[in-house]
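For clarity, chains are labelled A, B, C and D in written order, and residue numbers in each chain start from 1.
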Amino acid sequence: MYAIGVDVGGTSVKAGLVSEDGIVVEQLSRPTPSTSAAKVAETIATAAQALQKRAAELGEDVSAVGIGAAGFIDAGRSTVLFAPNLAWRDEPLRDAVGAIVGLPVVVENDANAMAWGEFRYGAGIGVEDLVCVTIGTGIGGGMVQNGRLTRGAYGIAAEFGHLRVIPDGRRCGCGNRGCWEQYCSARALVREARDLALVTPHAAGRMLELADDEIDNITGEIVTTAGQEGDPGALDCFAQVGGWLGIGLAQVAALLDPARFIIGGGVVAAGELLLGPAREAYEQALTGHGHRPLAEVVPAQLGNAAGLVGAADLTRRG
Amino acid sequence: MYAIGVDVGGTSVKAGLVSEDGIVVEQLSRPTPSTSAAKVAETIATAAQALQKRAAELGEDVSAVGIGAAGFIDAGRSTVLFAPNLAWRDEPLRDAVGAIVGLPVVVENDANAMAWGEFRYGAGIGVEDLVCVTIGTGIGGGMVQNGRLTRGAYGIAAEFGHLRVIPDGRRCGCGNRGCWEQYCSARALVREARDLALVTPHAAGRMLELADDEIDNITGEIVTTAGQEGDPGALDCFAQVGGWLGIGLAQVAALLDPARFIIGGGVVAAGELLLGPAREAYEQALTGHGHRPLAEVVPAQLGNAAGLVGAADLTRRG
Amino acid sequence: MYAIGVDVGGTSVKAGLVSEDGIVVEQLSRPTPSTSAAKVAETIATAAQALQKRAAELGEDVSAVGIGAAGFIDAGRSTVLFAPNLAWRDEPLRDAVGAIVGLPVVVENDANAMAWGEFRYGAGIGVEDLVCVTIGTGIGGGMVQNGRLTRGAYGIAAEFGHLRVIPDGRRCGCGNRGCWEQYCSARALVREARDLALVTPHAAGRMLELADDEIDNITGEIVTTAGQEGDPGALDCFAQVGGWLGIGLAQVAALLDPARFIIGGGVVAAGELLLGPAREAYEQALTGHGHRPLAEVVPAQLGNAAGLVGAADLTRRG
Amino acid sequence: MYAIGVDVGGTSVKAGLVSEDGIVVEQLSRPTPSTSAAKVAETIATAAQALQKRAAELGEDVSAVGIGAAGFIDAGRSTVLFAPNLAWRDEPLRDAVGAIVGLPVVVENDANAMAWGEFRYGAGIGVEDLVCVTIGTGIGGGMVQNGRLTRGAYGIAAEFGHLRVIPDGRRCGCGNRGCWEQYCSARALVREARDLALVTPHAAGRMLELADDEIDNITGEIVTTAGQEGDPGALDCFAQVGGWLGIGLAQVAALLDPARFIIGGGVVAAGELLLGPAREAYEQALTGHGHRPLAEVVPAQLGNAAGLVGAADLTRRG
């Protein structure tokens, strides 16, 4: 028995046929229609129907459709209350898709779906309490406690990116200042590198070289490339951002005491350049360090598929 | 069917016979023996036996004994791994008490037991996701998510007091600096008041008067009394500490999204003097404020009984 | 009797014939030769000779040449010890120019020369104790106390830009973090605006429009234009940077107690957009505010000419 | 020719006969009358007359009386505008004393008088630019530039203690928060030690022992004694306070570029326990460190006599 998992992003709708072992048997991708929520539901449904047909060819049934979408989801897991990137408000996504597809549908926050995917089939196998921290433009995440997804009373738990790490710190899009994601994100990494290049160009020499001597050309990829070559300027940028990653993890651990932190998102391509300093800072900043078990800090394993694998699996449990 | 709840503190062991409605039918208290863990187990057992006898007189059976103890408790809820105030290490409290009493025994962290007591029979009635923050010398707490207690992978979740609110801030007993409880606790309130008296005596005039003009005599009670009279200096101290309470709650809410915060501990006697500024700061510091439901911030209701009521109830569920 | 004032910058050498009333009777400008210090001395000397000739035509004598140059100047005011922009070390500029021109020569730090120019003929007229703060890429400045220029024991007093305003704050080119000029400078203004555009694009709408919707195109001019139109996003940026200006001035005032602050540099084109919030923050942050006279905070008056006017006048006194 | 120097404190009036070599030939002390400014003037005058008589016996003339008094002094050095400890406002001290004594009188701020005394006859001999930082309950000081005392436009320069070192830091008596003297003063040292004892009693064991196990009994003397024995807890306290001393000196140096810092006040009894960490932090925090001469950091030499020696000498020059 297969389930269909869908990951609705701002630019593409990814859907996959997922086995009970979490294997993505078949996957397809469609551009996200920008016109209306109804069009998005239609796109999801069409993709689901194509996968349903494919399952039939493979002699398998499809039990349900799980949809992971950025935004606030209602407690009944049927409605997207608010999705900033898609300009949605109170969209009854479950019923719209269900009416077309004729299968049970479950809607889940995309970060929760990813955390669940990693928990069940990825870097989270073997523990019951984990925190998934996804580092992109900002920081998103999800958490599993006692083997169950924690959604919070209003479905908006795990807003890790907006933990305040510095009073009156850097301006954040949420309206506050000093939020964690302003210090630890792909954007923060680029910012560190550009700042370095601006105030001490010689220390950022290799990165500037890779950027054709234009500060505004420095990207995360350039910092990573230079870091992998051992460039001290780039390593310093990773030490800063990784340090903030570790400090933030220590705050989360003080509250949640997970067995494992799973770090996902694009910057994880840098691997130990980022995770090394993160672990060091984490251990140092953790309250009671030395007197308690340390959560592991490991990279995510499922990459982009985590969301749809998790969404598919959440139709079965969670 | 009754259950026995026990709250083991540094100075006294409190035990109570608790009905299925959470009523404390009978309660007794014994000094905590300082000699050894075995003596404490014996004291608990003797108290439990007395309550068992009392239950029999009332024509009721006792199902189990629930013990709330400060310290780290193992996942099997049988052993106190580490209890700083009692100088315990790896004490098999469940079996020691069980062997004497002949009833099932469950051991739980005391802050968790309190949170559970409030959840089931106190200020938490009606919600499934709550955070209990107990403000004393430091900050302790517990949390309930989806109607279940969250203990963390190693039983040490909810170390709220050690969230870092200021990098390189005030020294904390945990070895770090800038922990929340250094800014929000009974001790922090007294410190604010003494600092005020030290640097601007005229602004602390009323509190100094109540303290016989000795800065070191200023206590939390004095600050509260002066605050209740409307003394601006005392109100300023509450505004500071309440402000930090609210800022910390906003951090916790970013992670846990509870429906309700229950504030317990001695300083809650000050009521709205503390909770008023806390709510205001909470709303302002909360990420996404204005675009999400606000958790309520309410005082605890069960007072000192919360721990034993919760411990008793946790023998039945949790 | 005229004096010649010279202002040596990284791109141009500006020289002027300055009357005893501080009037620039004649002015000329030459590109700064990048080849060597000897070439720069030659350029200065040639310019001085041309002005000397012009003075003769006007029937006036020239008493001396005053040179303002970026960098550390020795106590004898003859040698440029270190000039980062010109890549100079220990250049005997006084003697090199004097040998060609045949007039007494005095070398002074350019920020000191500017402060002196404003003190004698610009915004500083009427007071004996002033601080000149010049806001460009960073913050430079000079100070006059009891009517005399303060140079410090080693000629490097008035490094205002490197007052630390935030522990562990933004990275600075000086190798430290949290320096004032990282929060208050033309660069900081642009950074505020770009940050705003990055994290809350709607709040920076007008500035983005002026920048053809490219964050990296936002300049100080754009922020100023938008601010002058009353755009709230731009005003917010000025409030931030102006606020930091005021906070820093309050630190300087705690040490120096000047009668007047003169604010120079390009961002002063924004006038009250910057100085308004600066004054407000200054008054609030000043120790003893309400119990002491407030220094005035006024814009510089001489613009680019301040340096050469000051350098000329310093040959006569200072 | 002798001069008389007077140091007016809150509890005593100290007066001395001072030779042109800065030697205190004769010294006497009277309790400060608390009744009125006229009484204080009388006490000063009587003391001066006694010293005048003594000078006559020694066959020497007395040229003038110099008075150092805490508070704001007018620019004409005749009137105490505001003296918080003495509850004075606009007291014409010069004329009141002069009318009785029949000698020229000069009034100076006491911290300036001390700085001048050290400059002329103490730890400041040999340099023309120095900063004197006096660490007591708070931080006071004075500064000499180009061999002249800097008073500021309104006589209140050198308010070192109120440099802001941490935004939103500890509450200060001046009404602001985060002032340097809240982190670096005799009071701050005691506070560090008491905090340490409160949050980690074992780390403060030796100090608690010296304090009869009462936190509130810990004094600066106790911290110093324990530090001199090598107690790690006390050394940690000195490292904190000394570190802040160095950080603050680096700020002052960025503005004033002195050749020497002279550190005075009671805590200097601790010598290198304090000055060692201060120098280290100073070097690290100084902008441009490694590329500029470092000011020396030395202890004051004249102790309590600095004020009256300086006041006497200021009648001759300054």
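Everything that follows uses one rule, which is that a residue touches a chain if its C-beta (ideal position, glycine included) is under 8 Å from a C-beta of that chain, and two chains touch if they have at least 3 such contacts.
Note that the coordinates shown come from a computational prediction; the quantities given were computed from them, not determined experimentally.
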Based on mean C-alpha positions, I'd like to know which chain lies farthest from chain D. A
Pick the pair with more C-beta contacts: B-D or A-D? B-D
With chain centres defined as C-alpha means, what is the inter-centre distance between chain B and chain D in Å? 48
What whole-number Å value describes the gap between the mean CA coordinates of chain A and chain B? 34
Roughly how far is chain A from chain D, centre to centre by C-alpha average, rounded to an integer in Å? 58
Where in chain C do residues touch at least two different other chains? 167, 175
Would you pull the chain A residues touching chain B in the complex into a rising list? 72, 82, 127-129, 145-146, 148, 150-160, 162-167, 174-176, 179, 247, 250-252, 254-260, 285, 287-289, 291-293, 295
Chain C-facing residues of chain B, complex: 167-168
Contacting residues of chain A [partner chain C, same complex]: 170-173, 175, 182, 187, 192, 195-196, 198-200, 216
